[in-house]
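Chain nomenclature is as follows: A, B, C and D, assigned in order of appearance, with residue numbering initiated at 1 for each chain independently.
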Amino acid sequence: MTDTIQRLSKPDMARRAAADIPEGWYVNLGIGLPTMIADSIPDGREVILHSENGILGMGPLATAENVDPWMVNAGKQNVTLVKGAALFHHADSFAMIRGGHIDLCVLGAFEVAENGDIANWTTSQNDRVPAVGGAMDLAAGARNLWVMTTHTTKTGEPKLVERCTYPLTSSGVVNRIYTDLAVIEVTASGFEVIEMVDGLSRDELQSKTGAGLTFRA
Amino acid sequence: MTDTIQRLSKPDMARRAAADIPEGWYVNLGIGLPTMIADSIPDGREVILHSENGILGMGPLATAENVDPWMVNAGKQNVTLVKGAALFHHADSFAMIRGGHIDLCVLGAFEVAENGDIANWTTSQNDRVPAVGGAMDLAAGARNLWVMTTHTTKTGEPKLVERCTYPLTSSGVVNRIYTDLAVIEVTASGFEVIEMVDGLSRDELQSKTGAGLTFRA
Amino acid sequence: MINKQVASMQEAMAGIADGSSVLVGGFGAVGQPNILIEALAEHGARDLTIIANNAGFDPDIGLPVLMKRGLVRKIVCSFPRGSSVFDELYQAGRIELEVVPQGTLAERIRAAGAGIPAFFTPTSAGTQLARGKETREIDGRTYVLEHALPGDVALVEAWNADRWGNLTYRGSGRNFNAVMAMAAKCTIVQAQHIVELGAIEPDDVMTPSIFVDRVIHRPCGDPPIAAIAS
Amino acid sequence: MINKQVASMQEAMAGIADGSSVLVGGFGAVGQPNILIEALAEHGARDLTIIANNAGFDPDIGLPVLMKRGLVRKIVCSFPRGSSVFDELYQAGRIELEVVPQGTLAERIRAAGAGIPAFFTPTSAGTQLARGKETREIDGRTYVLEHALPGDVALVEAWNADRWGNLTYRGSGRNFNAVMAMAAKCTIVQAQHIVELGAIEPDDVMTPSIFVDRVIHRPCGDPPIAAIAS
């Protein structure tokens, strides 16, 4: 890795993904990194945020001044509501997800494969208690599934691979990946790079990726 | 048939059935004869009436003075609500029915068989458009299914039979039958008469019934 | 700014194609989207499959208007009685009918909206209406497999709507409307009132905006009084 | 006069037997029926199967209290993380775990309440969590057959309750509470407020009284603040 690569910060990744969300989309943001997208939606663009515990129309995190202890999101943070919000129960909430009504879900991932498979809920090496939450429902149900992740693991292993080695969350569902190095479409013929950070060569990106890349002209 | 039989009038049948409904039961009354039970619940006894189009806590039919044109029951009559009523949609309403939450449904019938089968939605001889409404859901879902019917057809044919000849609404579901002549339990061993009108002999009742009767001691 | 409100019936009906399946809300006279149904008749899409609880009543209101014009190939409903227009077409073999128990109809539509392609139900087991259907015994009881019933279009009547498409219904008008709104590719709402975003409290929303595509403001007043105590 | 309100926790817990399956509402700190859970621990029924989204958090609040006493044989949940009590029992092989995707959990419970014994869902198809389960291809997509998940008992936290058992929830507290209330033989509610019959408008009822068996008045105040913007 050369020093000239302008690796995106987490807020930059969030801004980059947020820029691509059209007005009017109903969006569920996974716990962790994807949650940062909420604060990066361009001003004046109406995007409606869904939380699987029964909220449509989530606003920013609550502050000490406006906190309602009875309002939490799926990450168990206290959130606000925007005008036009609606509250409902868990079965109705997952009807929205499973029924294909959520335009977009953005999730983190351990691995994404070139066939659109995603592994983001458990690692086989890991002896922690298995816990899935709403990840499988979201991955199977959202109309568009984007992944937001660092391009490689902390130890430099690629997270974009030919086939996932960790247990799958869902198969063939990822449309697009936002990493700290590139924006990549998952197409019928595999990973297609549509954007790279400044200073990064195609060869360098390929060397950090576990499957073949094509590049949009 | 002798002149001494005190055949019950329709309001009397309704009062007789109503007398047996315990306080606190959630009850769905089928269109037609069973609807009359609503006005016959003994004063002060709280019975909560369900209507499959999304009402729990129906009150009496509306009058010219209190009618709300936006409130109808399953028979498309304008009804009132009582204090404690709740409104909901059709899927939730039939969740209550199918899920076994309705304590009692009272339906009319063309035929009831000694094994608890009920036929009340279409007659094979009939060339009318087939129409089932909520009858099959109610018959399959209610915890208790009572039938309220004249003991015989207008032409004197028995409506209580060994096996239904008309297309079934549901099998093995009727618990009790209130006719203009008797109150009859449907038991594992068939029809058991628990009450008869004054002036009627066991033989006379048997002669008007298409299956064997036993009589509770 | 999101604004699902459309100004004209042409916009409301835009894109409804021949051969569409159309979910139509309402029960009795309450919650019938009659203005939308009549606009669909004007729009003229043919070969429609109508999914509704009834086949209409008055020959000049609602579904019978659509049927009289020969636009309906098939109707899926629980209680097709009381409609002389339907009766005549059906007896003449000019319209198909699928009779579905009312609760199964509601649940099949809800399943479509909830991403459930099929489910087992006790309703209709052992009856004529289960003929040809897969059955299964589960814990000693027989159940029938029923499939989701989605619509290309849903026509819905609501009381209040905001620009995002959050809805409330009045009285017993929630009925099939709130279920069908979930289950169509394009849900079109005829609303008595358009209210400001935020005027419907989050707890009071009966159909969240995510299920709604188009809203048209048609303050058409109360349904006729059906039957009252004599 | 119908009155589902009980005065004591003994009455609230009466009849809960060893081996019961218990649905426990709540998500995060909101809507957790902690007082009922602790009363169930006092009650002492053993060999319980707990069905809940989480396995609890703080060792001294809610489900961990029940687990510490050795009363829980098995937990069915979507996200059993963040509970040291559960972790220890699980690692020691002293509690069984069935992990269910959150939406499948909600839908299985709803199915139990709605009389649907089984349904097909796309969630978990092709994953570890579908192992050993029946699958079926419908219209070109693979679905997994899931079964209803009923409870002998449901423990629910509500905001308002009337003497019939009509309920409202506050904020995001509807979550699993409103679904679980439908799905148990005996639904027991801890209510912040008891209101007069009729005080909850028919349109505002979130859980209709038909689903509720017992209500106990326990005004326990707000949940702790979880996490706010820094």
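Keep in mind that, in the parts below, a residue touches a chain if its C-beta (ideal position, glycine included) is under 8 Å from a C-beta of that chain, and two chains touch if they have at least 3 such contacts.
Computed from a prediction, not measured in an experiment: that's the story for all the values here.
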Touching chain B and chain C alike: which chains? D
Contact counts by the stated rule: is the higher one at B-D or A-D? A-D
Can you compute the centre-to-centre distance for chain A and chain C, using the mean CA position of each chain? Integer Å is fine. 35
Taking each chain's centre as the mean of its CA atoms, chain A sits from chain D at a distance in Å of 29
Distance between chain centroids, defined by C-alpha means - chain A, chain B (Å): 55
If you look at chain A, which of its residues touch at least two other chains? 87-88, 91, 94-95, 97-98, 141
Hey, what residues on chain D touch two or more of the other chains? 107, 110, 114-116, 121-122, 203, 206
Please name which positions on chain A make contact with chain C in the complex. 23-24, 26, 44, 46, 48, 50, 56-57, 81, 83-88, 91, 94-102, 141
Sites on chain D touched by chain B in the complex: 1-2, 110, 112-116, 162, 164, 166, 182-183, 197-198, 202-203, 205, 208-211
Across the complex, what residues on chain D touch chain C? 107, 111, 114-122, 136, 138-139, 141, 143, 147, 168, 203-204, 206
Residues of chain A defined as touching chain D within the complex: 51-55, 60-64, 67-73, 75-78, 87-91, 93-95, 97-98, 122, 128-137, 140-141, 167-171
Where on chain C is chain B touching in the complex? 27-30, 53, 78-81, 86-87, 90, 97, 99-104, 106-107, 109-110, 121-129, 170-179, 206, 222-229
